[in-house]
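Which chain is which? They are A, B, C, D and E, in the order written, and residues in each are numbered from 1.
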């Protein structure tokens, strides 16, 4: 890998927990939801990194912080050599064109009162890439490109006339019309019906080829990650616990959590289930993060060390890193 | 838990203060936009020597600059003093007047409130349970009609029917004046007559309350009808209702639980409705000659008795604040999801 | 408590049956008692209440304008009528049994002068000082000769009050009273006032032991209460139509009494276009008082053609003589002379105040507008303002044509002329009227005691008034008391004060 | 045979038209078996499940069919008879753990009530509620908690605990894990497995066919309100006869298989106005004009236990 | 445009709310037409005083005459102008102030939001009629002043609604998407948030118009709205009410009924739109 397109270094996002008036008067120290607690990764041009983890582990927050849709608490995001965490909103605007986001919920990511076509054309106008007529032309082309035909008809429709799958196509079209270099896809298919997921993934894949698009693909469904990603990063409670090439991570998970996650995924192929690797309990809340290795309360292999010392990411095989005192191999 | 609730109440109570300040400020400056003052309102067309007028204005403190008047009153207010009346008569503590009038309004509004809530719930539940039928339509029409009833008109119709035509009910006042054995203590006549064990008085008081509280109550019930119906329809379609049924819980109980859920947004409405109720009370009091705060404000406005009006507004604001505090607390108690 | 058919338990079906017992009479009023302290009370109804619980040194003989002894048995006056000496009765007691002496009279008058309340000018403008010669002799030294001092003495600021009143502070809710046929036993502001016969009263005992006054906010609720049998007497102030239809129903006694309350239009003599006397005269000519009385007041008032009310000595129908009534032709003529025409109409703004004079005020304004506009040469815009703003506008002379009314303070032609026409006394009215000749005539009339001579002077003043027209008199109020059929003994004098002691139930 | 559903049709009379939520659905559930219904969103899985409980939400109505549970037609029982059966003999767990518990009452109240309404004395019910909570791996002090104080997985456990109270003959679980994470999902599935082991028949609904495959005995595939294929897990997975079933299997990414994922073309039909003939024909690669768009295929048994509703079961490979 | 389209849809589609809508809309339309064509509809001069006082309804005077002999029907017809004028000005004012403030407050948040919200909440939670009375008394009786008094008490209604909606829309993904696309703040407010707030503004508008009608009537009933002889329903009701006791019911009856019908008309439209909107989301 040469110079990566995106480089995230020790990114943190803490949300203050709302305190009552009395508490703040009493100067009770503020508490934080450590949604993202120091993550680092790189994405090369044209590469897809899947960010995987259970609900609430901080995936979405990570994605939003990378794009500075929310301000990071700490850390750096270097996009194409520029540290965008230091830019003002005005300076950031040109970067907005180059980095895009696709949200999980196609129902709320389109304004109900805006025509599909206008929603797609608007970004062009915002960045001054086209005049009204031209923008409309381009939007129509894009509609056709994402398979919403007849495009003239779709241009005039409002989102509530469309099914979830169709809406997600519109959302993708809106992001792609700016020809971005990098996109965060936050659970882009999880709210879409099974029968239609594959086609949305195909569509994204086609853009990846066309634009040499890099993606941070956020998902809780490892199977989807496997399908689309070059590399996988597994998050647990705001931290990346394992990161590496997709096949390597899935075949040889080094972190007990990754292993448990993989084993819990139902599969047709693996129907004759062998012994599953299980962990106990549930994810603790992100306010009172357990000390040491944050997974230790649920880990069957936890030792004293795990309870006190936080593990660092270490390379267990080529490009495969894990943060565990007792990796599985 | 209890401590948490106490704290919650305290904080909510503190929030009443800015509200009072804001309303005081608005009213203070509005009142003084136009010429004329309480002294003139009293002496009116009388041929009073100018020196004496000046003297009277000085007595009332009206010769001081506006901002001084503003802060003087504010200062007093912070000490729980609502000032003295400026006219007709002059120099009586405003609070003594309000103490005389407020209980009447409280009694009226509490009854009207009860009427509106009971009627609203009954009609709303009926509409929701019979959703989509004629009954439902009837209840919805009821809700709109009730909502748009014009209080003076409706009140007059009731007076005409039950008073003039049928002679069933008295049309004005709070109690039959010939009952001389009754002596107000708290000003809440129902309470007073019960304390004194004066059942004749109690009967008369209740009789006098019927028409005004029905008028106001019916008008305000429309909003509840609508809200209860819509909420209950929503709640009845929720999974937990079906889950109850799937567990074999009898329908009556399920309806009760659903109603409790549907009631939560209704509770939040109550605080607001109470304010509207107080507004409606002005018209109701005028129509039924009810010696409450509404008629008091109208009286005092015609004298432009600044202090009395300010005092009344502050008391109203306080009253509304307390009601919404109570509502919030009820809400918090009803809904375990509220954190305090 | 409930006598037959008490309304508290079963409101009976006949409206004439009343809820109260025989020795109790309930009177409904829409007025308010503002201030029970005579040093500060300055409105008509409060004066009525005070007149029932207090008395002055002299009083009007019931139903007449004649003054008779009250607390004072007799009196003398010096030649230039500046020193008045009164001899008190010796059997006077306040309602708690404390005897009343000359000291109490002096204290009460001094109290009014110290407190400087609203009506205190009725004392301070006239009285230099007052002294008690002995326990039963009081002497007033006046600032200037005052012919009508006895009339002044009938007003509440001159009433001796109980020693319980604070000597230098207004005591607005004081119920101590003075020496009168009744005493106050219960007072709930704006709700009710209960009077009971004063056991220590020197005079005749009231016929009804207990009087309850019930206060209403508006006439229709009071009328309903009357029809519903909740009250025995509906007193001030029913609406004209209420009176008419209650009378027509035949179910009630409707007693009609002439009153000294007058209504008039004020014309600003300082601003255009009413500065022009022809304009004022034209307006006076076009007014049709009979129409006003009929449409606006349902015949419950009488037309008035002078500021001095009908029936008072010296009264002349000057406006009738000079302009007639609804004399459109004359008005047109005067307007043309003033340079107005149909194509160049006179534009005036007519002001009224919506509540102070009752609901009929708006109708009055509308009828006036339509009468003036009948000339075809006048365009009237109606405006209104709340009472206190209105009086401020008036005092500042900011209104052009506006409606006012006058309740007399004392019954003398002086009270109907000086405050209006004397340029040093009429600033409250805002007409800006000034006429030296009138000033002189009025001042002269104040000092001489001979009524015939005074009458001549007032007649002269009235002629000038009709010529200059700073005011257009409209109507004079009548008083109406409506009672249940079984209520008798309503007596109201020209002073318009209802004394409850003669009331009784059959 | 525990449950027999015959020719069940449920219509929703909505403002914009009649939605044929389920049409002519017939199947049985045997004692102690686990049957899973799969299908896309809107295919009528929940509709049928609700009808079995006789709990079709308004404006839905069962327009025809019978639901015979232990010899009694559930749809014809009186309210009281139905109430006796519900919760005791057959019970249901709903999809969204967030909304299927009354937010205003404690877990304990709701659990205990579920037992007392069937005649269990209050204190005994309390004891049993504690035991039940332990069985679903929740500490007994959770009895005093309100639903919002529990996580989604915990709430779903509570629902299951309530369902376990009487060892019902039939448990209908309508997508009980859809809102949950995989690890939690797994533990919930384990609980259902336990219930099955105790003799309860599990009627499971999911849109994720891979989840169906792992634990069920039989799978029923629904499409657009119709039951299109029904068979044992082996039959469905190894030899899917309906093109839709096949497509469905191929559309799901699988962690343990290298086969490519294939999208199903087109969109599911509008059930107010379903396509004529076979409802799948507009999306079907094998559809034959004149047959598939004209005639509605019947559900027939093509091999033992294996039913399919297709004109060309298994595909007309030869043509 | 969208509003008109919506109205046409409400009229055409057979869905719940249609009956309500048609009924309400007809009432409002009739009153509006009455106001526009008052000179042609009214048979008499509404301010003309005549000796024919208290005439019961007849062919000559369809609603009788009042205490001044004015034709009640003509006064009703002309009176529609005043009430519509007052309410129109009042609502326009309060929308013009409340909506932008609400947008700003909700979108920006922070200190402005806290201060504005506190002021607005205070006014909002106070009995509006009482506040309106105080203001109306101070400003003096004239339609425009009444409109100002009424608008003052309705600003918070719009403010709160718009603010609340803005807050919840702000949390919606499409607003975040707009940010991600680099759309400027004010444009986000204008193009993404405002259009989504408008339908609710419409509902609040129709409902608060109904309310404003009653408030106007209440104020003029208390004599605080117009000066005679201007025909005005609330004022005419006040004038006519005492005559009810004399059996002259038509003086108070017709103005009272008109006030309530007009309020009802708007309330029904509001209810219908509201129902349709909530159908859309369900």
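Heads up, the rule we're going with is that a contact is a pair of C-beta atoms (placed from the backbone, for glycine too) under 8 Å apart; a residue touches a chain by one contact, two chains touch by 3 or more.
All values reported here derive from a predicted model rather than from experimental measurement.
> Without chain E in the mix, what are the joined groups of chains?
When chain E drops out of the picture, the chain contacts still join everything into one piece.
> Select, from all pairs of chains, the pair with the highest number of C-beta pairs in contact.
Greatest number of C-beta pairs in contact occurs for B-C.
> Determine the centre-to-centre distance between chain B and chain C, using the mean Cα coordinates as centres, and give it in whole Å.
38
> If you average the Cα atoms of chain A and of chain B to get two centres, how far apart are those centres in Å?
The mean C-alpha positions of chain A and chain B differ by 54 Å.
> Where the CA atoms of chain A average out and where those of chain C average out, how many Å apart are those spots?
87
> On chain E, where are the residues touching two or more other chains?
Correct list: 137, 140, 238, 241, 245.
> Any chance you could list the residues of chain C touching two or more other chains?
224, 227, 355, 385-386, 389
> Considering chain B alone, which of its residues make contact with at least two other chains?
34, 164, 286, 298, 301 - these are the residues of chain B that touch more than one other chain.
> Under the stated contact criterion, what part of chain E meets chain B in this complex?
Result: residues 20, 118-119, 121-123, 125-131, 133-135, 137-140, 210, 214, 217-218, 221-222, 237-238, 241, 244-245, 252, 256, 259-260, 263-264, 267-268, 271 of chain E touch chain B.
> Mind listing the chain A positions that touch chain E in their complex?
64, 67, 69, 92-93, 96-97, 99-101, 103-105, 108-114, 122-123, 126-127, 160, 171, 174, 178
> Any idea which chain E residues touch chain C in the complex?
47-49, 51, 53, 67-69, 137, 140-141, 223, 227-229, 238-239, 241-243, 245-247
> Looking at the complex, which residues from chain A come into contact with chain D?
Residue list for chain A touching chain D: 54-55, 163, 165-166, 193-199, 201-202, 220-224, 226-227, 250, 260-262, 264-271, 273, 276, 278-279, 282-283.
> Across the complex, what residues on chain D touch chain B?
My answer: residues 50, 53, 55, 57-59, 79, 83-88, 91-92, 94-96, 99-106, 113-114, 117-118, 146, 148, 159, 162.
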